[in-house]
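Each of the next two complexes has subunit A plus one more chain, namely subunit B in the first and subunit C in the second.
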Partner chain A sequence: MLNDIQTWINVAAYTGGGMAMGLGAIGAAIGEGYTAAQANAAVSRNTELSGDILKSMLVGQAIAESASIFALVIAILLLFLSVSNPSLLTAAALFGGGLCMGFGAIGSGVGSGFPAGQACKGLVRQPQVAGKLTTNMLIGSAVCQTPAIFSMVVALMLIFIDFSGAPLLPTWAALIGAGLSTGLAAIGSGFGGGLAAGASCEGVARQPETVGNVTTIMLIGQAVSQTASIFGLLISFVLMFKSYPESAALTASMCLLAAGISSGFGGIGPGIGNGMAAEGAVRWVARDVENAGGLMRTMLVGQAVSQSTAIYAMVVSLCLIFVV
Partner chain B sequence: MAVEGADIIKAAAFLGAGLAMGLGAIGPGVGEGMAAAKTCEAIGKNPQEAGLLTRTMLVGQAVSESTGIYSLVIALLLLFVV
Partner chain C sequence: MNVIRETQKKYCSRSMITAIVTGFLLIIAGQSSIGKGLILGTLFSVLNFIVMGEVLPLKVGKTRRKASFIAFGSIISRYILLAVPIIMGIKFVQFNLCSVIVGIFMVQIMILSEHIKNAFFFMRKH
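What follows is the complex of A and B.
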């Protein structure tokens, strides 16, 4: 029974599918809950606007929901997939894909909740700028979803690319590592991008005339906080597409698994930290728009320092893959 | 497949290196971001002190960075020395 490849493929696909949906449900639910809480607070301040607030809440929640819909799609694919060329490597790839999508949906789901919640709150403060607020919210939360989209891309590649020609040892570890790298690194970037977008919606509601500056700095801040997940994506691609000499030694496998773990976990902190820096800058650009240049400079310096640990993690990953 | 003791030890060292750097990078990343966020807030309230505030931020971040560097050192030790 231990040598029955189809059994192992089913085991991997079903556990991977479970992980994808289970982990993937965490983020969107929290983000949408935050949005609903802010919307309720907003309605209590001005019940006459309840229709507009409800509409804004639902639009925002729909975007936050998309992260978990990606997870649902991957989970369903894993449940009903028929594998054309079964091998034990396929099993590793399917499990890696499930992990990637599950972890990858957490950050984007939570993050997208912030701009939606702040947009609802802002609607009560400045009902006449509802259009600007909604646009800003949509841009901000769309950027928040990119880490989840990276995770979905990697998960689909792991599921559909035929790796069966490669040697099982150590490629199995590379495939699971590839899933962990993008999936975990996406948590930080999604969450961080959400912090920046939330602050920008709050800022637009406070000072609608600063919308141009606020949106620009939000986008710059979000772009920097995405880099952590781009490092994770890069390591995933290297892990998936490098060819490895066959090696029965445990060392070779653990190197590749550890490379994924390092860049994956390593991306979480800098992604959140960069988002916090962007949140601070965006919030104060809205209040003091003359000082936008100085604030942006400080934000970028702070983000660069915060980014350094993600770069250390990437260096360690690359050492694990190419040097040792 | 015969797994030897030395192989297991080396494999554990590599896995440990990945865990050390990966988990060790979370704290400094978040902490330094908080410092940068508060500096932006302070510069927003008091723009003429931007130089002093940026300096203070960088010193604070450097201290917060230290744990990330410890992780890097341990990871490199695990990779290349032990």
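What follows is the complex of A and C.
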């Protein structure tokens, strides 16, 4: 039975599907829970606004849930899609796709809960700017979903591209590494982007007239936070599309798997760190809009330094792919 | 809870109208599987949003255990609900899988497009 390719494909697809949905549900559930917790705090401060707060919570949770719906789509594809060209490499690709989507949805799910929660809280402080607050929340939440979208793209590529022409050894490791690289790196970027978006909603509620500056710095901060997941995406593409000579040595396979692990784990910290830098800048711009330029410069310098560890991880990944 | 009902009504009707008009045009243009897939996905996206909104007030004023049970049941049932059109997209050639997936996000697309449009007009005004 263990020599049967179809069995291996089923094992990989079912395990990958389970990982995609199981891991993918973590982030959205935490994010939605955070939103509900903040909505509770807001309702207890002003019960008259409970309808508006519930509305804001509903809309925010609908967007925050997108990451887990991406995971659901990939999980269902893995469980029910029939494979046209079965091979052991296909099994590795399906498993890699499941891992990629599962890990990739965690950060975006948690992150997009922050702006939704802060918008509910801010609504009590400034009910007259509910529209601005909701728009800000939705833009921030939508940008938070980008790392999960990267993960979904890589997962779909792993599921639908036919890799069966490549040698099994060491390509199997490259395909699983590709999934890990984008999936893990997306955790930090999604979470970090959420920190910036949450601070932005808090800032708009504090000083509604600073909405332009606050939104601009939030978007720049979020864009830089996502660099770590772009590095992960880049390594995934290299791992998926580079052609490898056949090698029965375990070292070659482990190098490719380690390349994915390096850029994946290496992207988590910088993504969160960059988000913290952006959160600080956005929060203080709302209080001191005159100093917006200085705050943005400090944020960008801080983010550049925080980013360096992701660059080290990427360099090590490239060495593992091309040099070792 | 009227605010929630109004919100649901607004986004659900916009989503269904957009899907039906786009789907109808696609069917006329000979892309019937894409059109049908879009309408099918949107229908389930709308159902998901309705269930989401209807369950919200049920959690209020309950014990923690009861509220957690309702929330868990809501999530499980909504995920099962959203899995139905994707499985149909995979199993039946009448529905294009990609357009089903786009349809599943139609409510979110409507919410975002409304607010992005508002933000754009606000920026132009100032």
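Following the convention adopted for this analysis, the second predicted complex is superposed on the first by the 324 of 324 C-alpha atoms of A that agree within 3 Å, B and C clash if a C-alpha of one lies under 4 Å from a C-alpha of the other, contacts with A are read in each partner's own complex, and residues count from 1 in each chain.
The criterion applied here is as follows: a residue touches a chain if its C-beta (ideal position, glycine included) is under 8 Å from a C-beta of that chain, and two chains touch if they have at least 3 such contacts.
Fair warning: this is a prediction, and the values are worked out from it, not measured in the lab.
A.B. asks: Regarding the shared-chain residue A:Ser87, is it in contact with subunit B (first), subunit C (second), both, or neither?
C.D. replies: neither
A.B. asks: Touching A:Ala29, do we find subunit B (first), subunit C (second), both, or neither?
C.D. replies: second
A.B. asks: Go through the superposed model and pick first if A:Val305 touches only subunit B, second if only subunit C, both, or neither.
C.D. replies: The first partner, subunit B, only.
A.B. asks: Would you mind checking which one, subunit B or subunit C, touches more residues on subunit A?
C.D. replies: Looking at subunit B versus subunit C, the one contacting more residues of subunit A is B.
A.B. asks: Using the touch definition from the top, say if A:Ala142 reaches subunit B (first), subunit C (second), both or neither.
C.D. replies: Touch partner of A:Ala142: subunit C, not subunit B.
A.B. asks: Report for A:Thr134: first if it touches subunit B alone, second if subunit C alone, otherwise both or neither.
C.D. replies: Second partner only, subunit C.
A.B. asks: Regarding the shared-chain residue A:Val73, is it in contact with subunit B (first), subunit C (second), both, or neither?
C.D. replies: Touch status of A:Val73: second partner only.
A.B. asks: With both complexes superposed on chain A, which partner does A:Leu58 reach: first (subunit B), second (subunit C), both or neither?
C.D. replies: second
A.B. asks: Which part of subunit A faces subunit C closely enough to touch in the complex?
C.D. replies: Listed in rising order, the residues of subunit A that touch subunit C are 21, 25, 29, 51-52, 54-55, 57-59, 61-63, 66, 68-69, 72-73, 76-77, 80-81, 131-132, 134-135, 138-139, 142, 212.
A.B. asks: Could you please specify the touching residues of subunit B with respect to subunit A in the complex?
C.D. replies: Residues 1-3, 7-8, 10-12, 14-19, 21-41, 43-45, 47, 50, 53-54, 57-58, 61-62, 65, 68-69, 71-72, 75-76, 79-80 of subunit B touch subunit A in their complex.
A.B. asks: In the complex formed with subunit A, which residues of subunit C make contact?
C.D. replies: Residue positions touching the partner: 1-4, 7, 49, 52-53, 56-57, 75, 79, 82-83, 86-87, 90-91, 101, 104-105, 107-108, 111-112, 115-116, 118-119, 122-123, 126.
A.B. asks: Please name which positions on subunit A make contact with subunit B in the complex.
C.D. replies: Contacts found on subunit A: 169, 184, 188, 192, 228, 248-251, 253-255, 257-277, 279-281, 283-285, 287-288, 291, 294-295, 298-299, 301-303, 305-310, 312-313, 315-317, 319-320, 323-324.
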